[in-house]
Amino acid sequence: MTLPILLVISSGLFCIGLLAALSRRHAIFILIGIEMMLAAANLNFIAFWRFGPQPAQPTGMMVAIFAIAIAAAEAAVGLAMVIVVYRHFRSTNVDQLDRLKG
Amino acid sequence: MSTVAFAVIAILTLAAALAAATLQKLMHAALSFAVMFVGISAFFFLLGAEFVGLVQIFVYIGAVAVLIVFTILLTRDDTGKVRSFNWGGVIVAIAVFAGLVWAIAKTKSLPLTPSQIEPITVQRIGELLMTNYVWPLQCVGVLLTAALIGALILVMEEKS
Amino acid sequence: MVGLISIVILIPLAGAIALYIGQPKNARTVALIFNALSAFYAVMLWQKFDVTASGLQLVERHVWIPSIGAEYLVGVDGLSLLLVLLTSLVFPFAFSAQRLERGACALMLVTQAALYGTFSAQNFVLWFLFYEMTLVPAFLLIKIYGGENRDYAAVKFFVYTFLGSVAMLLAFLGIYFAKGTFDFAALAGLGKTGLLAGKLQWLAFAGIFLGLAVKVPLFPFHTWLPDAYQTAPTGVSMVLTGALSKMGVYGFIRLLVPLFPNEIKIAGPWLLALVICSIVFAPLAAWAQRDLKRMVAYLSINHLGYCLLGLFAITAGSTSSLIDMHAALSGVFLQIFNHGLTAAALFYFVGLLEQRRGLRGINDFGGLMQRTPLLCGWMSIAMFSSLGLPGLNGFVGEFLIFKGSFATAASFTAVAVLGLLFTAVTFMRAMQALFSGPLAESCGGFSDLVRGEKFVIVPVTLLMFAIGISPQFIFNIFNATVVQMARLFA
Amino acid sequence: MNSWITNNVWLIPAAPIAASLLILAFGKAARRAAAAVAIVGQIAALTMSIFAFVPTLHSHGFRAVQNFTWFTFGEQILRIGFVLDPLAAAMLLMIALVGLCIFVFSIGYMGEDKNFSRFFAYLSFFSGAMLGVVVANSLLLLFVFWELVGLASYLLIGFWIERPSAAAAAKKAFITTRIGDMGFFLGILLLYHRSGTLLFYDGGRGCLEPVALSAIGSSVTLVALLIFCGAMGKSGQFPLHVWLPDAMEGPTPVSALIHAATMVAAGVFLVARVYPIFSVGAINGVTPSLTVVVWIGVITGLMAALIAIAQFDIKRILAYSTVSQLGLMMVSLGAGGVAAGIMHLLAHGFFKALLFLGAGSVIHGLHHEQDIRKMGGLHRLMPITFLTYAVGMMALSGVPFFFSGGWTKEEILHATSNWPRSHLPHYLALIGVILTALYMTRQIIYVFFGNRRAASEHAHESPSVMAIPLIVLAVCAVFLSVVLTPAWPWLESYLTGHPARFDARLLIQPMIVVSLALVGAGVSVGIWMYRRAGEADPLQHAQPALFRFLENKMWIDEIYGRTVIALSAILARLSDWMDRHVWDALVQDIGRIGQFFGRVTTSADERVINAGVDESTSGAHGLGRLMSRWHSGQIQTYLGAVALGMLALVLLYAWLG
């Protein structure tokens, strides 16, 4: 268990999350992907804290906790939006949601 | 021992993540998603951040995963209607991964062994939250409240 | 206490506001009045300016945003004063070229204020603010008041210059984080030892270079220019070429060369190669143009190329003797002024032709000499000035530039001489097509220069002759600055 | 010794230029006044030239230099100045006098032109600029006037601007000479760089004086050759001679001025003026640069003389003869006969002006007919013109003893025979002499003898305003020979600064005999060949292919048209095309990467929907559509862009280490 391996794992998680967010059509998948990326970031925080020069100061941990809290809030709002969108369009496929098109 | 555990957890987590990202059925994906979070929590435990691991399990598996499942049920949209898969995303994801790994490999003097520490107790975290991090804590509290109310309003609006 | 420079900057702004609020019927007259006022103060500035002293003069320094090192710092040296005077000259000239709407007048005035600011600001944040402030009105002027194809040209102009600006801003942020100052003079002092470490230094150099090269423009970042100049209304084209394009060259002199002396030495041959491409390909492309405005636009690229040739030749070369340094810098400064004057005049004449004919293709005219000898005569003077005929302003500047750059970059200079030849070919062809031959039927009803046009043309042309025959009065403005800069670049 | 004029030499060129500006400013309506002002200006210049000439007579090697600061740049000073020495004084006199004759002639010739006053303004300007070239004491100032001469020639050649051919000829003249001038300009730069000064004479520090000459060092040959490029352009030397015959499109007085007094003389004068640069390090009077001058001169002289034989336009024949004579002058300069070259230039100025004005008189008398095949038998109808023309012809052919051209030509042949490098130029020059006599005889026979042909039926002698200048010039062409004879080589000694002695024994020299024999041969062959010449040229009968080759000017124009000009036109098109389709496209390609990304992220069936959207937005085109494609409105596209941006940042950061 070394820092580089942890970092590679977290980058792997991040990229899988990215993959989900970019490639899937379903809005919920995009949310899942985003959550995954956030989790990967959290993993980095913890890892750097643990391997860092000052592990007695749990700064990395605190950031991770806050990130989890914010991610939870984001998930709640995001899922609420999915439901609303579904009611409007009867679809959760993001490809059909291009009202922002210029 | 810890190395074996680490390897198992790593493989499990990544496999679950991949499953969550690629499985066709949303419900399966959601379950894999929960498994992945268990894996991440396990990492946290291994790294000595037990509290964060617990929080992760509570929040994600107890709340977010359940929320997702509920949403799936509410929208009755279990399978993605469009089966086609977007390869552009794959390319980008792989590119980003390669870039990140290259950056990691190129970075020298990354510490290889964790430093020995005393376990961080929940009490200490609580103290910190109430002292040094009290402002962020309050802000997160407000944020959570706002998010809760906002989510409710979003969902309720249609009914009225 | 508001200083003289601030007054000069504020007057056009006040004019813009007055036009906006007052909604006068004859907006152009109001704009010209404000122009006269700012020109008057610019001349006052010249009077107060001590030509024998080097360094910044009439400095105004106020605290602005201390936390990011931004302060309101304006001052002029010879170069800045020259450009302020040029701006004061070009804008009335441009306003008299055509009757612009109220909104266009207001936008032009905003541009003018921003230009005054750009040429006198001595702190990067302030400078960049003014620099970008010229972009938006110019964009709107092209987009709203432009001719055919204006959307495309305006967007292209904006995207190009804006991307360049972003690159420059990032580079400067990098420098600021390393050195903690935005002050030009302070940064120039630090330039010799290198502002940033390693590759970052090169990145910063590339960013600033890109931003300025787009503005000048330097080959191959020039393709926005023909479109923008072609479609913009005559007055706006005159301002774009006469004053706005000078910001790029000014930036090169004020920022890039002092800040990155070592990088310029290393990249010198490549930069000179780009400059040579500007000088040689632009008039060639101009030769192939059918649209007169586009032709003049391409020649504009060529003329600004000479400025950069002089600048890069003395800074990139290993050893420059003092006389070459002074010659090249003086030539560059003079060329900046000359080009502003001459190119604006050329656009003015093309505008006159367009007003009379409704078209401006080179083949839409013919035999004009028989119908409008005065117009042809004065236009020829502007053309000869542009192709560097001795006795007119273009020659002195070009001779000094070539003199200065020949010492250190003889082969590049020798190739650049081709540019002079191609420019001549282009103008000769234009003159042949426009003036000679039997009178084209469509040109039969043309009127020759009317009184109002003569009032505009004669002073400008006389100024060209004055600079060509006895240029000392222009040199006096910046001689001290040349000496100082030569010392800085050496 | 110094009179007021030696300190104010600048007044001489200033007088005609001032006259020109005066006419341009006020002379629109007043035709007579315009001509009067121009002539007064020219008389003033002539008077001052005489005054300036006087002091140079008194002492040998006289030189009055007057330098001043043009401007100060930085801490450096750029100085220019004026000089008066025998070379300048002699040229001044010739230019002013010939110019004056041409001015007077123009009153008659251009009498009916509607832009009469403008013509005189240009003429004055031309004369003034040329006078400026002569008195300049700085290569830079010389270049300034040099270019003004070019401008004036442009304006005058294209004077009848409504004729497309005139405009084209003017353009050709300006551009061709400018090609040479670019070389000249580089030469100036190199000289300035090496020697640090552009003043010719500056109390020992000028660039023609030993200190600076030695400072130029090894690049002196290059300097000389680059300067010679300018001379080649202006003096119509091969390969830049092509503009000179075309310049006949201008009114005939202009041709006279260009071919005699101004413009073409400038090139020869330039070489003579900077001769010290050419002759640095000479061994037996031979340097690499002078060798080039000789060969260029020989090629030009022979080529032009050959072409002249096969031309039918009265002015073109004279034009090619000018080119040929200029070649001869260059040969002389290159072979060391500087004085001979300048003397020939001066003499040529008179008799060539005479010939051109005579031709002008013929053309005027024949109502603007220029083809010699349509003339004939004019010696009865236009006796004054005929006599003066004959004088000019003999001078040009080099008939010795009584005509100035004979003596100078003899001097040139003498110089070439002593050239140590090779004797070929000498023999070629001898051939040139024969050819000159031949084509002039041909012209005279065609124009003045034989039957009256189509155009000469209604010919009339020209009015006295045109005849008097002819007579004056003819007298000059004859009497100039007095100061040219080897028996009393006054002009040569005046130019070289050695006192002249009278020695009648020198009158007969071997070279004179040779010269006489050659001219005689040329003339008699000419008479024999063309005695019964009709509409068709005898040579055309005998050698059709050769004749066509020469008639078409050896196809040099065509060769240039197909090569240099075509190439640069293609280059221009290419530059334009590159601009539109390569450099511009580069930026658009960057946009297209975004477009590509959008396309990849959009699945196949989705594109059907997008296509509908695209159609509705097809109003926006080009970049606009491109930009809007970026804004696909699809959240995933944005997300992908963000990811790529992040990737770029990561890579950048890692690369920077």
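Going by the order they are written in, the chains are A, B, C and D; count residues from 1 in each one.
Heads up, the rule we're going with is that contacts are C-beta pairs under 8 Å (C-beta built on N, C-alpha and C of every residue); 3 or more make two chains touch, one makes a residue touch a chain.
Just so it is clear, the structure is predicted and the values come from calculations on it, not from any experiment.
**Student:** Using the stated contact rule, I'd like to know whether C-D or B-D comes out ahead in C-beta pair count.
**Tutor:** Result: the pair with more contacts is C-D.
**Student:** Quick check: how many Å separate the C-alpha centres of chain A and chain C?
**Tutor:** Centre-to-centre distance between chain A and chain C: 51 Å.
**Student:** Can you work out the whole-Å distance between the CA centroids of chain C and chain D?
**Tutor:** About 36 Å, centre to centre.
**Student:** Could you tell me the distance, in whole angstrom, between the mean C-alpha positions of chain B and chain D?
**Tutor:** 86
**Student:** Please report how many Å separate the Cα centroid of chain B from that of chain C, as a whole number.
**Tutor:** Result: the chain centres lie 56 Å from each other.
**Student:** Could you list which residues of chain C touch at least two other chains?
**Tutor:** In chain C, nothing touches at least two other chains.
**Student:** For chain D, give me the residues that contact two or more of the other chains.
**Tutor:** Chain D, residues with two or more chain partners: 601, 603, 606, 627, 636, 640, 643, 657.
**Student:** Residues of chain A that contact two or more other chains, please.
**Tutor:** 18, 21-23, 95
**Student:** Linking chains that touch, what shape results: line, ring, star, complete or other?
**Tutor:** Topology of the interface graph: other, matching no listed pattern.
**Student:** With touch defined as at the start, can you tell me which chain D residues reach chain B in the complex?
**Tutor:** 597, 600-601, 603-606, 636, 640, 643-644, 646-647, 650-651, 653-654, 657
**Student:** Using the touch definition up top, name the residues of chain B that touch chain D in the complex.
**Tutor:** The touching residues are 82, 84, 86-89, 91-93, 95-96, 99-100, 102-103, 106-107.
**Student:** Under the definition above, what is the set of chain A residues touching chain D in their complex?
**Tutor:** Residues 18, 21-23, 30, 94-102.
**Student:** Which bits of chain D are touching chain A when the two form their complex?
**Tutor:** Listed in rising order, the residues of chain D that touch chain A are 601-603, 606, 609, 613, 627-628, 630-636, 639-640, 643.
**Student:** Quick one: which bits of chain D touch chain C in the complex? Just the residue numbers, please.
**Tutor:** Touching chain C from chain D are residues 71-76, 140, 143-145, 147-148, 151, 158, 161-164, 166-168, 170-171, 174-175, 178-179, 182, 185-186, 189-190, 192-193, 196, 568-569, 571-576, 578-579, 583-584, 586-587, 620-624, 627, 655-657.
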